[in-house]
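Following are the structures in question.
Here come two complexes built around subunit A, the first alongside subunit B, the second alongside subunit C.
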Partner chain A sequence: MTRADIFVIGFTLALLPFLYSTYWNREGPAETAHIMDQSGREFTVPLSTNQQLSIEGPLGVSLVEIKDGQIRFLDSPCRGKQCVHAGWLKQSGEFAACLPNRVSITVSGKDALYDSINF
Partner chain B sequence: MKPDTEQSLISIKTTRQDHRIAWLTALAITIHIAESVFPSPLPGVKPGLANVITIAVLMLYGWSTAVWVSLLRVLVGSILIGTFLTPTFTLSLAGAVSSILVLGLATLLPGRGLGPVGYSLLAAQAHMAGQFLTAYWLFIPHEGLFGLLPLLMTMAVVFGLVSGLIVMAMLPRLDGKTS
Partner chain C sequence: MPIPKNSKQQLRTRVLSLLLIIILTSLPLSCSKPPQQHHKTQFMALGTLVTVSLWDVDDELAAKAISAVESELNHVSMTWHAWQPSTLTKINDALATGATIPADPATLSLLSRARDLARRSDQLFNPAIGKLIALWGFQSDDRPDAPPPPKAEIERLLANLPDMNNLIIEKQTLRSTNMDLKIDLGGFAKGFAVDQAISSLQEMGIKNAIVNAGGDLRAIGAHGERPWRIGIRDPQSAGIIATIDTGDDESVFTSGNYERFFTYDGVKYHHIIDPRTGYPAVGTLSATVIHSDASTADAAATALLIAGSENWQKIARQMGVSQVMLIDSKMRIHMTPEMNQRVYFRTETKPEIIISDLDTQSGNQK
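Coming up: the complex of A and B.
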């Protein structure tokens, strides 16, 4: 093996970790929340300020809490409470919805975790 | 009158080089087809052992012979397998062309240059990269495809290394026995 061979092998072995870190590590922390209400309007809230929001829906008011760069449904006037059980959303691309009350939340950062989701 | 069959035959003058290319290409095609029989764990992952021939030819007879053997192998291989002008063929050709181009550049290196392992690694990676970009450009123009790239490149490195080592083991036995 020549010196150039060793160089090529070294270059190759350096390239692989670079590829993995570039293409396999795309989800980042969430930075903003996009909340959609019954009218289909989407409003954007930064996750940097801690606050509670009340969102009006056909069943009543859904309570949403933002804390430490995360967001969750605190309460919702629906039966199953799946939205509340979805818990904190903190990774970019995560999603929670209260379908009966027609409120949905998705969070985004620099890169999205999912391209699209179908139900 | 006796028909003169001799005259109706067209005879093409073949050189020693033509015969050499034909024999080596036949060998590469055989490996190519034998390999295509095996199922692949991941689409696009193939050992690419036919490249062993390309690299050996490059080491023994130079780049231009390697170009012939590599491109003819893709063409004839695809016709025999039945993938001629299908996406498989396009990808195969794109891979062969990019690896041949990179090998051409690599032969220009000064000094002792590269050995079989270096050539094979470069060829395998160029092959995969060319193929991948062609797939992205022509067939699946979606960002998500890049998620496959690290895996495919890892396979390319593994198989490139294996092919290179095979060539290295092969060359001393071939020396002096080939014309």
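Coming up: the complex of A and C.
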């Protein structure tokens, strides 16, 4: 085996992690929330930035909080507040909705564990 | 040490060869990832959030498919809505007068199926108790902040409680032998709508899809090389308690006491009313059923939650469902052997599992 052969083999091995992460590795920390409002319009927000969002619905404003990579309904104008009781969403695929105020949140990420959630 | 000229040429040739190999191998990998192979769309229908997932469908067909599903679900909602003006509310109004009314074959067929499932559930799935559901305030998109109904009112309805046997279906007509009969197909209409939606997708040639209406779903085909993976919600948190990989065409339906409820004076009242007591069913947090058709799975999940951990085996056997999981109020898992082979628990500590064979009805604790 010549020195050139050793170089080529070494270079190929060094390249393997890059190729693996590019084409095969589906893990990824970047998670996002998809928020749908009463008009059916969907907008995407990163979970990496702590913030509060006000989403207008037929009953009033649903207050949504993003904190430490999680998202939740902080307050809602609906009576039952089931959206608020749903708590934090953090695993890809989880969702919560305020049906009376027609606002929904779904969390997704590159490392989606489920295609759909049954409840 | 200097590299000889001959070796330098060799090195250059091999580096160029390596680059060529990388480019050639990367090209097909890039080409093997067509854009938008997985379409996932959400919209509001049937008074809930609907998610449609499609695999291996081009953008144009996906748009048509989403539109077809939305149209199908809206049609079911307009026909079978229990409290907003619909074909069903007109039927209920007419039946309450004692009249015999004509009905089209599709309506008669659906009501016949609901009646059959009700009979097989020993009337635990009872779509005739709309008045009782309304009394509890659950025939509303956003229940008023009111106390539970007075006991006397519940007892008055229980004294003459209708069931689907009071609905007489003959010669393309409907009539009721109980003036308190008020049909509410919650616990069935969603399953029927999901079945209709999947049928419309199949008619369009779509082989791989999930239609999820408010957490209840039917999945056909697969997600490429692997099956569709479904997460089942933990009834005591927003997290996932278990996963199921679906087969080629399966519905996964869960009835849970956490879906719709209100709290009054510190007591939680959920929306699944036990027709035997007139009060929300007690003892079971959730009932999950896997079955080929969504409407059967829907009705069975409701009936089994009401049946509870003591009686669910009999009802499951009568309704023809073999893949069942109940979670009781102590977080114990009750399952059939068939379901036990399908679920993979994701909890940190293994839950207490009780397996019951429907044929022998013997229980094994694990």
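The rule is simple: the second predicted complex is superposed on the first by the 85 of 119 C-alpha atoms of A that agree within 3 Å, B and C clash if a C-alpha of one lies under 4 Å from a C-alpha of the other, contacts with A are read in each partner's own complex, and residues count from 1 in each chain.
What we mean here is this: contacts are C-beta pairs under 8 Å (C-beta built on N, C-alpha and C of every residue); 3 or more make two chains touch, one makes a residue touch a chain.
These numbers come from a predicted model, not from an experiment.
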Contact breadth on subunit A, by residue count: subunit C or subunit B: C
Touching partner for A:Asp5 - first (subunit B), second (subunit C), both, neither: both
Partner chain(s) touched by A:Ala97 [first = subunit B, second = subunit C, both, neither]: second
Shared subunit A surface residues [contacts with subunit B and with subunit C]: 2-5, 7-8, 12, 15, 19, 23, 115
Residues of subunit A touching subunit B in the complex: 1-5, 7-9, 12-13, 15-16, 19-20, 22-24, 115
Residue ranges of subunit B in contact with subunit A within the complex: 109, 111-115, 117-118, 121-122, 125, 143-144, 146-147, 149-150, 153-154, 157, 160-161
In the complex with subunit C, residue positions of subunit A that touch it: 2-5, 7-8, 11-12, 15, 19, 23, 34, 36, 40, 42, 59, 78-80, 82, 86-89, 91, 93-97, 99-100, 102, 104, 106, 113-119
Interfacial residue positions of subunit C with respect to subunit A in the complex: 3, 7, 10-11, 14-15, 17-18, 22, 26, 29, 42-44, 47-49, 51, 53, 141-145, 210, 212, 215-217, 219, 223, 228-233, 237-240, 243-244, 252-254, 256, 258-262, 286, 288
